[in-house]
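The data blocks that follow each hold one structure.
Both complexes shown next keep chain A, but they swap its partner, so chain B is in the first and chain C is in the second.
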Partner chain A sequence: MMTDKQIEKLIIEALIELNEGLPDEEKITITTQTELFGLNAQIDSLSLVSLIVNIESKISNELNYEISITDDRAMIRAESPFLNVQTLKNYILELFDEL
Partner chain B sequence: MKNKSRYSGKIVLVTGASRGIGRAISFYFLNQGATVIGFDKGEPTISKTNYHHISVDIRDIKEVQKAFFQISKKFKTIDILINNAGVLTSQYAMIMPAEKAQEMVDTNLLGTFFVSREAAKIMSRAKYGRIINIGSMATSLEPKGDSIYAATKAAVATMANIMAKELSNFNITCNTLGITAFQTDMLNQFPKEKVDRIIKALPVPRIANEDDIFNVIDFFASDRSSYITAQTIFLGGIN
Partner chain C sequence: MSNKWKENRLINRKDLKILIGKFINLRLIQISDAYITLKWRNSNQAKYLNKGANSVEEQKQWIKSRPTNELNYIIETKKEIPVGMISLINIDFTNKTAAPGRFLIGEKNEIKSIPAAFEALLLIYKLAFKKLKLLRVYGTIAEENINMIKFQKYFGFVEEGRFRKHYYINGHYQDAICFGLLANEFHEVVLVRLNKMINLLSNK
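Up next, the complex of A and B:
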């Protein structure tokens, strides 16, 4: 099963890859608190979708697990799991617990 | 003269691959060097080395995701998606059975959406993709009896136009081919007089042949068509 650190590493890697494709003026600072969604989000909604697809892809290709991060539950939560790196990591860990 | 290796090395996914237009399109790509993955609820009807059949009901998101997991593992990517699977019940609205109406919405619209978005996820990783929907003249001609069918096909074209915007950064194009009458099992459901009347009213008054369809597919699928997206091309002079 995946550890806290492994998931975090995966998200950070996906953010670095996203950053590489962004123009200089839009590049983001990557930390565990990097805001991904909401008023203070550092990336736009399409970049968030791209990031999530990339994370799903990494989990599938590198770890051979198939999970869907954008299922219905993620969308109806009072607090979005996509707020920042930390909340996203916690949500992915929850999904792994259910496997 | 046809280019026999036009699609050599390409991975093409065709939905509704076991019958009718989907089967013809699958053979077309196979004969021009592509590897074809066929989605169909039914058994495979194509037996060729480069054909890979996956039994899947596209109305079921879980089945679709499972199928794409297999594709991701085996083929890594999809270059071209042909959204062909569809069902048609032609009936006056006031007597259309509810379950038939639901079936058209679930297959023609939601099924196409599920397949498109899962394909887009794979295509986005490769930064390349061509999504081609098989639409219908019914969206333009609006014939009696086709209220739900035409609505689902119009919805698919609209969906493609919006997905085209969302996916353009990934070099994925989304287009729709509005076909006219083509000799399939689906066409046989209509009274011959109705079909004849519709064909006679077309600017080019004849039934579509396979090459009419392949011609537009080639255009949308071409590497050169990266600047062609969110478009619908109708056959037979319909607009």
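Up next, the complex of A and C:
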């Protein structure tokens, strides 16, 4: 079972990996509150997809689980899982709970 | 019907003048877009695109001189605010191929709460595979444009090869990664994934 802290660490590492591919002027400030989509988001659509790819790859390569964080369950939620690090973490935890 | 006749008609086809989405529209580029598109092309967002015009006059000439086998669109919000551009070029009705390209979001702050980039791509692929009934789209991406490579792969583009030392960007030569997408792959994979992403990000 994955813990809250483990998933948060994984998302932060995926954000650090994303930052490595961004030019200096587009690098984002990474915290547990970083906004991912919406009016205050620091990243654009391209980066959001890269982040999703980074997270799914980490889950697959480091944890040996195959999960899609953009599956149908994400769509029926009251709020998008991609608003910020916290909403994304909560969603991934739910996915692990269902495994 | 000759292929040349079809190409000549493209820009005049009413159903291609504006492509309507839920969050954004694509409308054909006009001479009056020279200033804003030049601004975008000279911004850091365009560092992986080919070098473009140096002045508004040159950009006007560039817009005027677009060949008949390409369709260049401005991405507009529903309030008609131009936020970027995207094109379908090298449209070839004999081989039923084309290349999506010149994809650029110039006004990121205007689209922060809408999935504009995803919908722009969806509209251009629907144009290629549904309206124009092409069989394949293709393109190249500079190897250092890592986020764009991940983006295209995520949405189903297949890596088909590599042109070595093909682009001179950021002061050095880089390989170009070749990607392709077939009509059946669009219908089976890309359409579903793009719609899913648009729905996900609409759900705020």
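Keep in mind that, in the parts below, the second predicted complex is superposed on the first by the 98 of 99 C-alpha atoms of A that agree within 3 Å, B and C clash if a C-alpha of one lies under 4 Å from a C-alpha of the other, contacts with A are read in each partner's own complex, and residues count from 1 in each chain.
We adopt the following convention: a contact is a pair of C-beta atoms (placed from the backbone, for glycine too) under 8 Å apart; a residue touches a chain by one contact, two chains touch by 3 or more.
On a predicted model such as this, the values are computed, not experimentally measured, just so you know.
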item	value
Superposition on chain A - do chain B and chain C clash or fit	clash
Touched partner set for A:23, first chain B, second chain C, both or neither	second
Touching partner for A:3 - first (chain B), second (chain C), both, neither	neither
Which superposed partner A:82 touches (first chain B, second chain C, both, neither)	second
Touching partner for A:33 - first (chain B), second (chain C), both, neither	neither
If touched residues of chain A are counted for chain B and for chain C, the larger one	C
Touching partner for A:53 - first (chain B), second (chain C), both, neither	both
Chain B versus chain C as contact partner of A:66, first or second or both or neither	first
Colliding stretch - chain B into chain C, listed as 109-117, 181-189 or 199-207	109-117
Footprint overlap on chain A, comparing chain B with chain C	46, 49-50, 53
Residue ranges of chain B in contact with chain A within the complex	65-66, 69, 72, 121, 124-125, 166, 169-170
Contacting residues of chain A [partner chain C, same complex]	18, 21-23, 25-26, 37-41, 44-47, 49-50, 52-53, 70, 72, 74-75, 77, 79-83
Complex interface listing, chain A residues touching chain B	46, 49-50, 53-54, 56-57, 60-61, 66, 68
Sites on chain C touched by chain A in the complex	44, 47, 105, 108, 112-113, 115-118, 146-148, 150-151, 153-155, 193, 196-197, 199-201, 203-204
